[in-house]
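Across the two complexes that follow, chain A remains constant while its partner is chain B and subsequently chain C.
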Partner chain A sequence: MEEFSQSQAKSKNAAEELQKRSHVEAAKCYQCGKCSGGCPVADYMDIMPRQVMRLVQLGLVEEALKSKAIWLCAGCSTCSVRCPKGVDIAHEMETLRIMAKERGYIPEKDIDKFHNIYIGLMKGFGRMYEPGLIVGRNVTTGHLLKDFSYGIPYLVKRKLNLLPYRPKQKDDIKRIFETAEQLMQQDLAEFREGR
Partner chain B sequence: MKRVGVFICHCGTNIAASVDCAQVAENLKGYPNVVFSTDYKYMCSEPGQEMIKETIKREKLDRVVVASCSPRMHEPTFRRCIADAGLNPYLLEMANIREQCSWVHPHDMERATAKATDLVKMAVAKVSHDAPLAKSFSPVTKRALVVGGGIAGIQTAIDIANNGYQVDILEKQPSIGGKMAQIDKTFPTLDCSACILTPKMVEASSHPNINLITYAELEKVEGYVGNFDVTIRRKARSVDLNKCTGCGTCWGKCPTKVDSEFELGMTKRKAIFTPFPQAIPNKPVIDREHCLKFKTGKCGLCQKICPTGAIDYTQEDELVTTRYGAIVMATGYELFDHSVYGEYGYGKYPDVITGLHFERLINASGPTMGKIKRPSDHTEPKNVVFIKCVGSRDETKGKAYCSRTCCMYTAKQATLVREKIKDSNVYVFYMDVRTPGKGYEEFYNRTTETYGAHYIRGRVSKITQDGDKLRVRGEDTLLGRPVEIEADMVVLATAMVANADAAKIAQLVGFSYDKDDFYTESHPKLAPVETHTAGVFLAGACQGPKDIPDSVAQAGAAAVKVCALLSKDMLETEPITSEVDTKTCAGCGHCVDVCPYHAISLTTIEERLLGQTITRSVANVNTSLCQGCGACTVTCRSSSINLRHFTNEQILAEVDALCQTIQNK
Partner chain C sequence: MKYAYYPGCSLDSTGIEFNLSTKAVCKALNVELWEIPDWNCCGSSSAHVTNPYLALGLPARNMAIAEEAGLDVAIPCAACYARSKNVELAVKESDDTRRKVAMMIGREYKGESKARALVDVFYHDLGTEMIKQKVQKPLKGLKVLTYYGCLFVRPTKTAFDDAENPISMDEIMTALGAEVMSWSSKTECCGASLSACKSTVGFPMIEKILDDAQKSGADCIVTACPMCMANLDMRQEQIGKKKGVHYGLPVYYITELLGIALNLPPKSLGIDRHFVPAIDLLNKIEPTTGGGGQ
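Right after this comes the complex of A and B.
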């Protein structure tokens, strides 16, 4: 078994980067598990959100980056809202996900594809376009008919619009994405300079 | 020329590890007014003090500077020491080179030594301006007031009364007894709460030295240690206590039913009522908010049937002012309101109850006669979940502190469920189990081992109502996987919090409280039952979450402090008080406004000016009330008010001493 300080040393850079990019005070977490208890997808995770926070707390960020849990996180923020210590777990998960992707750690390829399609649709329409998401996802992942039976009742109940929403302020949406990209690059640059 | 002696203490290695004490002593040699300077390992020890005394005599010192720890620690010690050697005790200054130097600069000896030298020089400059001061005396009223009639208040009163002093217990409810009267069994012995409390209540009510003032509130507190003038509002009871025999005919016939506060709304009481059958005094009050006679003018049934004619609708609130020598605050606590937790149902799920509700449910004299029945459908619950730390250890929606008692009362309640419902399953969600008390850990072990309660480490994340069941979700953090339990009833161990009016009462009496509105003790270790206000003491949970054994112990401690105070005929008062220079005082009254102790007032003086007699108003300090805080001196625009021992001249001398060394650099 690897000695603890060696494991920590391997994650040193990642740990510093995470701290500087997320600003989440992981040290405050007292491991009560209220986050995992309320997490809607905890059942499907390889490690609990609490354990992700524990890995971060111990400085074993590389291990957290390689977990599937950070990809399964739906970003609903139930954990952050309920945390008695005010730790923003969902934000930490998201930052980990971004960092994992930058490093090429993508254990859940399908989820990554889902995210890409989702963001693409948001860029294009400024709103969710479900049929586009379903078709895009099923085509790119190769599961052509997956979950198709769920779609029919939605269509019948008119919960799905076949045509996408046409935003009036396309420029505004573009600007939002540009600003977000800029901020992220700025953050990253600040972090790299800081080192 | 003054003759100042300087004594530098090493405090073992506490100071000497980062301050070169011998060098400091050397640096002070030849400093203005210093005729002697030395260092020693433990200045507060017997040989250290002897050295100071001998040096005072040998070198004919008239002032002393001791450089050591905080004056809060050893100023009294060294004052006594120089007084033994014949000096006025106020001709001593202490330079704090431990807390304010060595402890905060552990890694830079050179600069720490320089700073220590500066601190000592400042003390020398100040001591050179010290004047001898003498203590004065004020009389003591040999009567104590205990505010709050729960177990802490009752015990304090009994202990004071047994020492031969008169005590009044002030209770805002119609009966004494407090929260302990609502509790069923007490940990760790499981003896019945009422069985040990009611004899104390009877003892308090029948004690010749104790006077109960129930259904009353504090209105105003004036005066100072030894002589507090306390005005109490006796709320209109509408029942003449002298005539009433407590027969109960009135509340038997009263037609109005109201939710019982004592039973937490689980049963009804009448509009004329006693809170519970063992109430003391066991005489009713009329709840004027709900009584038909007061609401509509009709009814009046209780007056008609009262065999002794004790009902008096015309009674009014009465203000009574009494002088007391000491006040003990024993106002207790409230429970945290868990309705802030949406994830626990905002307090709306009927079968999610608090620990105190559970106490009433399991109490033989409670609404269910001691049968555990869940509130919604009055069936016996089979799966019972306990959640600890609800509102405790939660910085975002609750309190940051640990409430201390919940681990034990939850273990007790878990035990009782397993004992009363044989086929029940009990789950306790916890983050830590804290059982530091005699027999506490053993009790907790019995709960899990003998009674088979399942302890799950984790904080419950969500409770949902599912039909007539409750689904409780959390993580088992030891296993690292989510758990869901189908429960019939959930008991929340809600935090102990300060009373809603705790801060208001503290301001009214005039002492300090913390960010959670708990009353602040004078020193967390060495003065746990005193407040910063002389003559005001603390007992029980008003000072912080506490269980019954701790409350009773603290009550005894507070009683001893009160007795020590009341045993004196005259009280020494500290001479470090403000004084007014009436020649320059313009009578603007700013000092009157800022004084937190109401010690300053404006008074009119007569003066001869240019052959005429004129009158003008000037500030006047009541030295018995003045605590020497100095707020007035910084407010005074003409520097006419000065704090003895911390005069403007002395402070400036210190600043000068500091600036000189800076200038020399």
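Right after this comes the complex of A and C.
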């Protein structure tokens, strides 16, 4: 019972935080399910986008945060453009995913690692560096040979840069990353204070 | 006609054909492109699932440089376009966001310089009539499927064409003399990076689109997104092999076919660099007597 009330309290805080961060009006959703019907990834989700929205409406945000669905969402926004109530479901999923990660709920590790490597490369070089992305992904996920066979054709077709880009204004990139992190931390502090 | 040009990371590597053909076609159509110096990654699909501020700051720097030069930005890649459009709208919507963006990039970006999808520039600024007049080698006999994917048409806020039945690429292809076939995967999602980080989900999404394309009886697919291209072209053989199917469906960037219709050499457009061979199909185009226009 105590466990249940703790979970409820967590959910209540998370619900308030989600609202402040996404500004999505989840209450508008009348559960028609059009979002799930048109979702190209729905077949692979543990709960449907409609159910994610229902959990949010009920204040059971902790449950939504633990779902795989928010990680598998491809961000195609088909749900959002088709929603008869104009609810931006895709943006809600994206915000939930950021919050899930902050809380350590990462059920789709490979997806998370892939994006972490991508972010790291952007931070270091200001641009994407494909060989770094592929090698980094394969090493961290343990799928060592994934897409290995594409490397040679890409080189032969002259479609890969062997060396990463070296930004001329390296400080610009550094400032964007550092300031974005500070702004995010400020927001988080405000959410906690507001409780 | 002059635009700042933001090629983005893919066009500098895996999507080099899109870059080559964009530059060649724009030159032939008298569209002047000024490449944003020292441009950086737009943040793509990773920044906005990590930190929403990062997703604003990264494209804002490029947009601000263009704004200082007084130019709107022509952007070929769908994701780069959507990310850049997003920050343009965000700084116009809120002073607070504009201030935070300025803090991140160390300069002002007011949203005066607009993010424009290259296809939108062709469709709205040049217009299909003008393009039609420039055609030297009509794509007669070529049955094409236009594939828009997601980010040109969704979300509504950043889209430049209809979410369910976009027509800009259709009308451009018709102006080039191609036969545009109808199919139901016009705006289906290819799964983007899921093929790279969760292939059990990403591969079937690509497979569905390729199956649909094959059933339509078309010769090829036309896209304007380097991520869609990588999924449909590079992974086509891999996905076909799993189920014992040879799709043999060339995928072209819209600028490549524009270049062909403008009578530019295929190699100068990068068409020899695809995974699914794409040169042979171009020989199918019925020769027309007399040059210049249709």
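Keep this in mind: the second predicted complex is superposed on the first by the 147 of 195 C-alpha atoms of A that agree within 3 Å, B and C clash if a C-alpha of one lies under 4 Å from a C-alpha of the other, contacts with A are read in each partner's own complex, and residues count from 1 in each chain.
Here is the rule we go by: a contact is a pair of C-beta atoms (placed from the backbone, for glycine too) under 8 Å apart; a residue touches a chain by one contact, two chains touch by 3 or more.
Just so it is clear, the model here is predicted, and its values are computed rather than measured.
Legend: residue contacts after superposition of the two complexes on their common chain; A:P84 is shown touching chain B, with no touch to chain C.
Once chain A of one complex is fitted onto chain A of the other, the partner contacts of A:Y30 are limited to chain B, with no touch recorded for chain C. The wider contact with chain A, measured as residues touched, comes from C rather than the other of chain B and chain C. Residue contacts after overlaying the shared chain place A:D110 against chain C, while chain B stays out of touching range. Once chain A of one complex is fitted onto chain A of the other, the partner contacts of A:E16 are absent, as it touches neither chain B nor chain C. In the superposition on chain A, A:D46 makes contact with neither chain B nor chain C.
Residues 43, 78, 82 of chain A contact both chain B in one complex and chain C in the other. Residues of chain B that touch chain A in their complex: 343, 389, 393-398, 431, 457-462, 473-477, 480-483.
For chain A in complex with chain C, the touching residues are 40-41, 43-44, 72, 74-78, 80-82, 88, 90-91, 94, 97-98, 101, 108, 110-111, 113-115, 118-119, 122, 126-128, 130, 137, 141, 146-147, 150, 153-154, 157-161, 165, 167-169, 172-173, 175-177, 179-181, 183-184.
Chain A contributes residues 30-39, 42-43, 47-48, 50-51, 78, 82-86 to its touches with chain B in the complex.
Remark: chain C residues 9-10, 12-16, 37-38, 40-41, 43-54, 56-58, 61, 100, 103-106, 150, 154-156, 163-164, 187-189, 191-194, 196-201, 204-205, 234, 273, 275 touch chain A in the complex.
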